[in-house]
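Please find the structures below.
You will see subunit A twice below: alongside subunit B first, and alongside subunit C after that.
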Partner chain A sequence: MAFLTQLLFHPFTWYHAHQLLAGQIGVDGLLALSIWLTLYSGQLTLANAGFMAIGAYSSVILTGGTTSTGPAAAGVHLPLAVAMLVGIALAALVAFVIGLPVLRLKGVFLAIATLGFGEALRYGLILNLGITGKGQGLNNPHATLTSGITPIWLALVVLAFLAWRLTGTKTGHAWAAIREDQLAAAAQGIDVARYKMVAFVLGAMVAALAGGLGAHLSFLIDSNDYTFTQAIAMLIWAVVGGIAFVIGPIVGAVLLTILPEVLRFTQDYRQVINGIILIAIVLFRPDGLFTRRKGTGNPSRLLRGWAFIRRSWASRRPQPAPP
Partner chain B sequence: MRTTSRIRWWGTAGIAVAVISVAACGSSSKTSSSNSNKGKTLKLGAVFSLTGAGGVYGPQQQQAVKLAEETTNASGGVDGANLSIQVVDDASNQTQAAQQTQTLIQQNQVTALLGPTLSNSAVAAHPIADNLKTPMLAVSTTGLNIVGTCPYPCTYIFRDSLGEATAIPTNIKTYVASANPKPKTGVLLYPNDDKFSVDGATAVKQTVTDPAVGIQLLDTIQFSKSDADLTQFVNQGVSKHPDVIFITSLGGIPAKIMTAARQQGFTGQFLGGNGFNSAAVSKQAANFGKGAQSASAWYLGNDFASNAEFVKAFKAKYGTDPDQFAAQAYTGVLILVDAAKRAKLTYTDLPGDRQKLRTAMESTNIQTPLGPFQFTSTHDVHQTIWVIAMDGQGGFTLVTSVKPS
Partner chain C sequence: MRNTIQQLLNGIFIGSIYALFGLGYTLVFGLLDVLNLAHSEVFMLGAVVTYSLVALHHVPFLLAVPLGIVAGGLLGLVIEFVALRPLRRRGAPPIAALISTIGLALILVALIEQAKRGSALAWLWRDGANDVQFPAGKVPDRIWHLAGLTLPVDKLAIVVITVALMAVLAYVMAKTPAGRAVRAVAENPRAAQLLGVNVDRVITITLVVSSALAALAGILFALALNDISPYIGRDQVELRGLAVIVLGGMGSIPGTFIGGFTLGLLESVTILTLGTDVRAVGFVALFVMLILRPSGLLGRQTSERV
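Take a look at the complex of A and B:
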């Protein structure tokens, strides 16, 4: 309880003692955004833990990461921003290549294929390539720890804003149309394959960015951080938050990352209560916290509530006197 | 109107809180330093994996730490000061471990910390403690780069658990020295997706090439820690007819391998690391594990006073025998309490106290359940190593003890 009281009433004191958690929340928010991009276009892909690993390993290797036998890539010391860009570009390339065959699949088959990509990357490459430190993990002597938190939150705010603006563009409408009915969208002349690929590649890039930023919060990265469990966690955030609006998965990620900490006072019952809350959310809000009202396309009560607060706030401002 | 009164209320409340906190600070700083620390409290923290993958080790550590807290306070505390240890759960997750470490240091104002349980979590949490200049003593992590050659300046980090890089060579060399006939060949089995196991396998590969050992590795067989059936991997190993099977892994894997290998007719020796050193593993392997040998930081049957008292007290409080993890966690508290006594802490200047405690820890030289204990110059373990073998009934017998060089 003390955690919640402090968070609400003394946010600065809270932040001072929970900087790493704040960083983790930001990373999880970015990952939620990455999976939202594909879900919004109607594709259930679970490859983002793999793209996250690509971003993380690239950014650590290229900034001078070391394995137990020495430097991962001798003589390579790129600035973090450059290393991150390389990781993002690599993720985009990989996404494009595997997207060509995989995006022909739909629904659960797509989910399985993309999940397979993540596991193949982990067992096939990461655990067998010397450059990744294999199962011993990759040391990251250039971890930024707490100074890395501002870039994480900056990236989250900027990208969430861009994603929100994107929903109003031609691309955003095309994604929504494909999600509602792929055949109808194609009949209207929408290049389905192209728009699906755009969503998949963008999602991969955001996931790689999140992986790179998150990796620099720690002195060691390990293949166990990028498993199937991580991919499923992203999906849960999106389900809890709802995918109708970009804010949904992000709020889902923030809530579910902070929830175990809020519940710490329940001690042994922590996981149980965490699970009960998850089930309750799915039961009572099956479309997530932020949804559109059925039939009307209008935002649901939660979002309308926000609009109401905003309007009433605006009306409280002193109105200019009539001339 | 209502808004103004609310503001006034909050203002009053705020002033009240400020006055109380100033008063509280004043009263704590007023007490002058004297020899007896009566009324003061030495606050320590412990980050353990009570749930998740490490949940098989964390609870014993918590029990041992609580026992040590109780016995210390019953026998006069830390020169009169009350000892208070807050144990938190990191859910076997490295992010939570790092976060809890930061919270314990900055919010709960602990003087020093124990933990975390797992090596992966330690690599995330230790840099935080080091960065905030707070001593942190690892009591169960056995991986490489925990102390000594860390990827960051680990000046505040200590370890009282026996690293695999020491335990495995000691065990293999002890076995080779006493075996008749000498083993010539071996096979190594380990999961390649677990840091602990891979670190151990690296130690095995390095040791067998030592001229004093001279064992030829016929095969190195890798699998995944999540593989349910290991029979085919064991088959592959046994078919090479090795004298020794090396297993570096933990949890249920060593027992599974031993069972399968014996059923397929393997009659040679099993050698391993810290993963063998739990009563649960010995019970699970039962008769198939009889004779399986490993080097341990602790042996239940040691009857020197510091261990006998610990085992008796643990059994009296919890009704079961302690294990190696409990013994190392208990030792951790003894080390910190001893250092705190010698450091002459002020109990008012927290950063200064942390610094003093760190310096005092370096000259630790005490009797513990692990035997006589000191730290090396790199803050690692300097203790007697107990080479033990499974007795086939869920327990262990002592093979020999190796004095530190």
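Take a look at the complex of A and C:
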């Protein structure tokens, strides 16, 4: 409880006590955004933990990360920004290559195939290659730690804004159409395969960015941070928040990343309470916190509340006198 | 050569456990289009209950096994009434049900890993997050030596039990009124309801049966590998189960059977040829299978209806 009162009444004290948590929340927000891109276009993909790993390992290896036996890539010391760009480009390339065959699958088959990709990447490559430390993790002497928090939040705000604007464009409308009915969308002349691929590659790039930024919050990265569990966590955030709006998954990620800290007072039974809350949320709001009302396409009550406040605020401004 | 045959036999042993586990996934998915991610925790709890009956309460092993299976069946009821039915009543999308089964799985793992000496659940489990083994001499451990091969009797029994159960289940699904009801609900729940099938009852029974199978798989796994912990479900079979049902073909009982043995043998062959961590092979196989033949070895090719 102390956690919540401090957050509400002494936000600056809270921030100084929980800086790394604040960074983690931002990273989780980015990850939620990455899976939202594919969910919004109607695809249940779980490959983002893999792309996150690609971003994380690239950014650490290329900035001079070391394995237990020496430098991961001898003589390579790129600036962090360049290393991140390489990681994002690599993730985009991998996403494009595996997307070609995999995106033809639908529903749970797509989910399982992308999950298979993530785990094959982890067990097959990361745990066996010398450059990734053969599963012993990588040391990251150039971690940015707390100075990396501002870029994380900046990235989250900018990308969330861009994603929101994207929903109003031709691409956004195409994604929504594909999500509602793929066959009807194709019949309307929408290039379904292309728009699905765009969503998948963009999602992979955002996940790689989150992985790279998140990896630099600590001195050690470990392949256990990029497992099935991580992929499922992103899905949980998105579903709890609701996928109708960009803001939903981000709010879901923020709430569910803070939740374990808030529940710290329940000690041993923290995970039990966590599970109960998860079931309760999907039971009472099966479409997520932020939804559209059925049939109308209007935002549901939670968002309408905000619109109401905004309207009444606008109406308080002096109106031009009627002629 | 002898080593090769031994490894292949091990692949068949472990493959039959995968098959038994995958069966429950595929039955529930076929019926509800929901991946029941609490399934692997039923597997874990079956092993835990049997272990505690044998090691803590001194129940004979052959009595503890059916009790463990019953516990698994009861857990199936919990999954249906807590995680699935309330959401179905509200017309929630399958993805919401997936999340609620994950919530249930979190709860089950956390309850067991927090159960220590002196806690409220000490009668069920008292080793927290640690691995335990069956006490020596309390479980069947007879071994046959045949032509230089080591054949533990319990592992042979596992294969026999699996094959028999699969045959019974395939028969029930194909030939009996109960099986027809299940297939009717899987095809179209609304039409089945109109034709007088009690849809909720069919779903409940399917969950109980598949959970009982998962518990049995967990017990056999604990017996074969002699390793029990709160994490065996999550770490050992959750994803392998997915590989099994994809390899065999989603919703097909004989397919799951073949998928299980295929995965077990693939892992053995990998150990023989590469001698390395075998986990990647299942995922690579799964990935390749989904790309080449998404409906699996024995699945039906379906096309979306407009």
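The definition used in the following text is that the second predicted complex is superposed on the first by the 313 of 323 C-alpha atoms of A that agree within 3 Å, B and C clash if a C-alpha of one lies under 4 Å from a C-alpha of the other, contacts with A are read in each partner's own complex, and residues count from 1 in each chain.
We adopt the following convention: a contact is a pair of C-beta atoms (placed from the backbone, for glycine too) under 8 Å apart; a residue touches a chain by one contact, two chains touch by 3 or more.
Bear in mind the structure is a predicted one, so any value in this text is a computation, not a measurement.
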Using the touch definition from the top, say if A:115 reaches subunit B (first), subunit C (second), both or neither.
second
With the two complexes superposed on chain A, say which partner A:223 touches: subunit B (first), subunit C (second), both, or neither.
first
Scan A:136 for contacts with subunit B and subunit C and give back first, second, both or neither.
first
A:275 contacts which: subunit B (first), subunit C (second), both, neither?
second
When the two structures are overlaid on chain A, which partner does A:89 contact: first (subunit B), second (subunit C), both, or neither?
neither
So in the superposed three-chain picture, is A:66 touching just subunit B, just subunit C, both, or none of them (first/second/both/neither)?
first
Taking the superposition as given, does A:239 touch the first partner, subunit B, the second, subunit C, both, or neither?
second
I'd like to know which partner A:20 touches here: subunit B for first, subunit C for second, both or neither.
first
Look at A:260 in the shared chain and tell me whether it touches subunit B only, subunit C only, both, or neither; answer first, second, both or neither.
first
Contact residues common to both interfaces of subunit A (with subunit B and with subunit C):
123, 127, 270-271
Touch list for subunit A against partner subunit B, complex:
13, 16-21, 24, 66, 68, 122-123, 127, 134-137, 139-141, 143, 145, 217-220, 222-225, 260-261, 264, 267, 270-271
The residues of subunit C that touch subunit A in their complex are 29, 33, 35, 37, 82-83, 86-87, 90-93, 95-97, 99-100, 102-107, 109-111, 114, 238-239, 242-243, 246, 250, 276-277, 279-280, 283-284, 286-287, 290-291, 294, 304, 306
Which residues, counting only subunit B, touch subunit A once they are in their complex?
51, 88-89, 91, 94-96, 98-99, 102-103, 106-107, 120, 123-124, 127-128, 131, 144-145, 151-152, 191-195, 197-199, 202, 224
Which part of subunit A faces subunit C closely enough to touch in the complex?
44, 101-102, 105-109, 111-113, 115-117, 119-120, 123-124, 127-128, 183, 228, 232, 235-236, 239-240, 268-272, 274-279, 282-283, 286-287
